[in-house]
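Note that the chains are named A, B, C and D in the order they appear, and that numbering of residues resets to 1 at the start of each chain.
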Amino acid sequence: MPGRNHLYVPGPTNIPDSILSAMHVPMEDHRRPDFPDLVKPLLEDLKKIFQTQNGQCFIFPATGTAGWEIALNNTLSPGDKVLAYRFGQFSHLWIEMANRLGFDVEHEEIPWGEGVPLDRLEARLKADAKQDIKAVLICHNETATGVTSDLAGVRKALDAAGHSALFFVDGVSSIASIDFRMDEWGIDIGLAGSQKGFMLPAGLALLCFSQKALDTRQSAKSRRCFLDIQDQMTHNAGGYFPYTPSIPLLYGLRKSIDLLLGEGLPNVFARHQRLAEGVRRAVKAWGLELCARDPKWYSNTVSAIVVPQGYDARDVMHYAYHRYNLSLGAGLSEVMGKVFRIGHLGDLNELMLCSAIAGAEMAMRDTGIQVTPGSGIAAACEYWRETAPAVKLR
Amino acid sequence: MPGRNHLYVPGPTNIPDSILSAMHVPMEDHRRPDFPDLVKPLLEDLKKIFQTQNGQCFIFPATGTAGWEIALNNTLSPGDKVLAYRFGQFSHLWIEMANRLGFDVEHEEIPWGEGVPLDRLEARLKADAKQDIKAVLICHNETATGVTSDLAGVRKALDAAGHSALFFVDGVSSIASIDFRMDEWGIDIGLAGSQKGFMLPAGLALLCFSQKALDTRQSAKSRRCFLDIQDQMTHNAGGYFPYTPSIPLLYGLRKSIDLLLGEGLPNVFARHQRLAEGVRRAVKAWGLELCARDPKWYSNTVSAIVVPQGYDARDVMHYAYHRYNLSLGAGLSEVMGKVFRIGHLGDLNELMLCSAIAGAEMAMRDTGIQVTPGSGIAAACEYWRETAPAVKLR
Amino acid sequence: MPGRNHLYVPGPTNIPDSILSAMHVPMEDHRRPDFPDLVKPLLEDLKKIFQTQNGQCFIFPATGTAGWEIALNNTLSPGDKVLAYRFGQFSHLWIEMANRLGFDVEHEEIPWGEGVPLDRLEARLKADAKQDIKAVLICHNETATGVTSDLAGVRKALDAAGHSALFFVDGVSSIASIDFRMDEWGIDIGLAGSQKGFMLPAGLALLCFSQKALDTRQSAKSRRCFLDIQDQMTHNAGGYFPYTPSIPLLYGLRKSIDLLLGEGLPNVFARHQRLAEGVRRAVKAWGLELCARDPKWYSNTVSAIVVPQGYDARDVMHYAYHRYNLSLGAGLSEVMGKVFRIGHLGDLNELMLCSAIAGAEMAMRDTGIQVTPGSGIAAACEYWRETAPAVKLR
Amino acid sequence: MPGRNHLYVPGPTNIPDSILSAMHVPMEDHRRPDFPDLVKPLLEDLKKIFQTQNGQCFIFPATGTAGWEIALNNTLSPGDKVLAYRFGQFSHLWIEMANRLGFDVEHEEIPWGEGVPLDRLEARLKADAKQDIKAVLICHNETATGVTSDLAGVRKALDAAGHSALFFVDGVSSIASIDFRMDEWGIDIGLAGSQKGFMLPAGLALLCFSQKALDTRQSAKSRRCFLDIQDQMTHNAGGYFPYTPSIPLLYGLRKSIDLLLGEGLPNVFARHQRLAEGVRRAVKAWGLELCARDPKWYSNTVSAIVVPQGYDARDVMHYAYHRYNLSLGAGLSEVMGKVFRIGHLGDLNELMLCSAIAGAEMAMRDTGIQVTPGSGIAAACEYWRETAPAVKLR
């Protein structure tokens, strides 16, 4: 098909050409004497993305799913109690994994469209007088529903309860796009994948451990080898890795971090907020609702849009892809057929999202949903115009 | 700036990723024994793009401007009379070149926004009883005004006048995008650049000569060396070039031709027509006029849009570029400040053009032009929806 | 430094430009409807590389180390007895992993430079009357010493003993370079990484399971989640993956398999044999010894070359890298300082290896080792000349 | 064929990966407001490569052949007398062009293998009392024979004769590889192509004009348009070009100049000298002669090697290419079949040239030429070892 594919799933995200070029390199020896000149600054600068000075970062040749396992198995022992909330497909999968890995998972069902209930979390922690709960697992941005939870609030709940549980955060679809403060919020493990805010292909699990989390590795009895942070620590100390790393992804990550720090994290977050708000204006102009039930849950990286009763969101995706070469995110599991998703994270600008909005509108109309032609674009673009930085007159 | 640049100038055009990859090759010897396996089919398949069986194609390591000179200097002698029409910047420049190269140029001034006046052309040719006019220079698609002239009509005029003048066509912004029939229309030289419908970087002048045009090379007294087709003919016969060719561009051209023939030229032309019509619907919905004064002149590769009195089109371009990373085409020379242009040729689809339309609308509103928000997108998208190929139900 | 780096470590290997280009692609949705058109043929054609019709292949977003863990954890339960041989760093690491994962590892120490002792293996299996040994772990090509073991012989030993133990093979530095016959040799799990014979960056663990191995997944009590083949099986059935795959690596693998099958596996193996033999001729001409103690152990993918007493192989590597931009493989662990290694696998030809041989010679002479200048090249090149395919006279 | 092609023709040269990546960019508008930020420093820094402060550089979208024509047509009028020397295929072609373009060419035949005869040049200039000779055309490095002429000597001859003729230099295979001093040597036009020392694909004619040369453009009556420097000057002043430039080549040139200035021109020249000397040592060790008849003519960018009587150098090239994937340079015209050439310019290091030397040796032996196996490598490598920069002990 002529022309580009329009990729607006909430990850993997569009890769900037500068990153694609940075990854197009001849192979090289990962044991060469000057390899640490690449690795050490990379591990150090990655801490800036996690907004930490005290933590320690890891780059595993794996995916975000592995990140979940790395967090659990390097800190806990089978049978340990962990607390979690299920409010979407990805919070669900982490819970499921914790069960399979032999932990004692206590979880609460939350309506899909909401996030972590801070008051009930605090109450539960306070009730845990013996501090049986060893870790709290929080999905910062539930990609399936477009819901962002309040991490600072989780920390407050832990502190209010005087609870020492480890605080693990899945930041796969938030880190590098939505504000995430490892140190300030007392997060013990933050984890991300390379294919979302980092604008890279999948293939890296990026983690940050607090010292407290690191210290538990000695007592953790969960069996692990490929995903053991100890091997990484041993080799990272010298600027190497325990197994052959992906050279292209390391150079890509170097470029990604340079782009993010070059733009400035506050600017990156503000850009995501502004682009997301434009999409939300379009949704409102269409007369539709988000899956996220309240503005406080609105995600700046993905919007899950509820189609009206009587329509199947899969038809919207079908027409979008086959007629207009537009990839939208599907509704998963509980919300299958009920929502479609527009990912608005990574390397994006206003006019790119115009393609997503215009295409979604066309596909909805093809499906029979009576949104007004041009209404989404009008609302989004007027918002973006009003909030665009001033430029000098010609 | 994050996100892609939105490139909608009427050339150079967006390069498909598959062509960029085809050009990313190690260097190789252009005199290697099997180099003709690349060159010979390339020259042969290029004829299909020019829709010729009798013509001979040339690939010069130069640009479209060189193409003009190649046409003139390989066929004519200084002092020879040529007939041309000026109705835009590019028809103007060809005329200017012909003057500088010592030809006797007779030209008619045509209002910018119109094309070749077939009746007057026929009359002029009939009046040239002695056949002093050696060549007629036609700019098929005047890129500056978005006007396409009727080449079949030019041939009819020549035939009606029984005139033997050579028929030269600048097809830089038409060939590979708008129907162009070398043999059927009796064109003697068609010329293109690589950076428009061929979706490549600039750097190749692509020409096709009829046998009649080829035959004149012996008598043509214009001095030439780098741009002499004889050297190309001598070396092309063996599958080589007289000077070092650009290896990446040859592989890029190979891929370009494969893409064009793979889509099918009629489909390529129909796609350009349909995409262009969507843009024109947007212009109409905005309440604006095209520079092209009549639908018969409408170009399917570029639309020059007239801004209302009291506004400067350069402000639209200024805001488009600096606020939204959108590159629009400028009004050139006579229409400077009066029009801006949207190029809609090459590797494009509907949702790419939505970026151009939405961005143009935003920039016009920034300029103070009171187009209705979303109106352009609504009109274009509804047209595209109605004309999109049916897809199977899910 | 001007000019290319000369990469002759035994992995990661030189990536052909055609694979680099195949990986330079825009991101795409791994859940798009036509994604299975990429995935299903890939999984099917991968079987051809493992030379299997009955097995089932897996593509994990991880590395060869993960492959070891996938093999063990998906088939066995903690406490299960496995039998292994230690004769180099990689056979050592697999044994170490099996211990860490809780298996009962029985291993025999073999002199580094030898491979699997088939007679003792057969004796041990025969002695295991109760069939307590659940799996035999074989490192096909010990990358640290340049030793290839006889897999057909292992199968014979198992059969002779009438033993039903699973037969697991680390083929990281053999598969796609050295003959490897999953079905014919009754291998139960073969595993490879992407960064050796597949000529890709690291980042994929490529495995093949026999039906017998697959069947054990139900009874295997080892805890696993990220590396569980069941999740892959569930999603692979539809042509998808359980977690976001690396799009570039999938396209790279597609190209890799196309290159390998295009050349023909027997030709690939013969090329590796011939190139390796040239290197061995050079070593002999230098008057040096291989770490591999007998021709029957000689590896066709890597040669570990013993430096004379009184010299440190690390000096050779040091000069090679810093003076001549040549990356050689280090001696690891027991053979550190005693050997340096030339990797001769992947996308290679004779004249590429001339750089490795000439550079190794220069670096040895810089170190003080008195090899005769040009002797290695003379021996290797004469061998290659004599065995080069005939070409037509000019 | 597996493995890389070994490209050792004297241009086009191997392109460094960093330049290939720099050229792999999305298309962009060559009239964008910030385009001069790319163009102006490029034109300025290009002057450093020509070693000029007073000259003005031009970047034409053409080739070195066009460069010859640009030099002649922008400064002279048909009938003007020029003086030249023919001692190889490229000095021949420039003379032929000057004839075709209508100049009065006086040339002297020099044995192929020698360069400009300074004493006879000086004598001829002194004899030209009326200063009829308007320009002297010098081929700095005759690529066909591997002969470098003495430009400082030419300037001395002009000065000794008190002659005001323009001094034009074809530096296609010298500039950026061999010392070339525009200002110090009073050169009036220096010209290069992109595909040799600049390590780019063909497609750019790079020129530098002295003020004296620039001034002649007004009086020069040669007809020109595409290759007219006036159009370039008009547009370059604002940071633009008169016709669409190749965006990839501009970024490639940016990278090329950065690499050259980063290494430092004196280091670039010294590296070429040292690599060339290694090749010459190999030739001597083979017992063969260079086409260049005296060390003072030896070229540091290309060596033309004479095969012994009774052999055809084309056989050497044939075997090199078809058996070993090695591209050597052919003997052209007068020396066809008598010499083959090794290009040693551009992005090269010692071990790359080892491939060329070893491959040439193999191909000569295949041809029946009895060079001693390994002798060339031994001589070259020992020279390179002795002259390699010291490195710190490990």
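Annotations for the structure displayed:
Everything that follows uses one rule, which is that contacts are C-beta pairs under 8 Å (C-beta built on N, C-alpha and C of every residue); 3 or more make two chains touch, one makes a residue touch a chain.
Which protein is which chain? UniProt says A, B, C, D = Serine--glyoxylate aminotransferase.
Please read these numbers as outputs of a predicted model, since none were measured by experiment.
Contact with both subunit A and subunit C is made by B, D.
The equivalent interface to A-D, defined as the listed pair sharing over half of its contact pairs by residue number with it, is B-C out of C-D, A-C or B-C.
Of all chains, the one whose mean C-alpha position sits at the greatest distance from that of subunit D is A. The mean-CA centres of subunit A and subunit B are about 45 angstrom from one another, to the nearest whole unit. Look at where the CA atoms of subunit B average out and do the same for subunit C: the two points lie 54 Å apart.
Taking each chain's centre as the mean of its C-alpha atoms, subunit B lies 35 Å from subunit D. Residues of subunit B found to touch two or more other chains are 4, 14, 17, 20, 24, 26, 318, 322. Residue ranges of subunit A in contact with subunit B, taken from their complex: 1-4, 6, 14, 16-17, 24, 259, 263, 268, 271, 312, 314-315, 318-319, 322-326, 347-352, 354-356, 358-359, 361-362, 365-366, 372-379, 381-382, 384-385, 388-389, 391-394.
The touching residues of subunit C, counted against subunit A in their complex, run 4-5, 7, 9, 11-15, 20, 23-24, 26-33, 61-66, 68-69, 78, 97, 100-102, 193, 195, 201-203, 222-228, 242-249, 318, 321-322, 327, 330.
Subunit D contributes residues 17, 20-22, 24-26 to its touches with subunit A in the complex.
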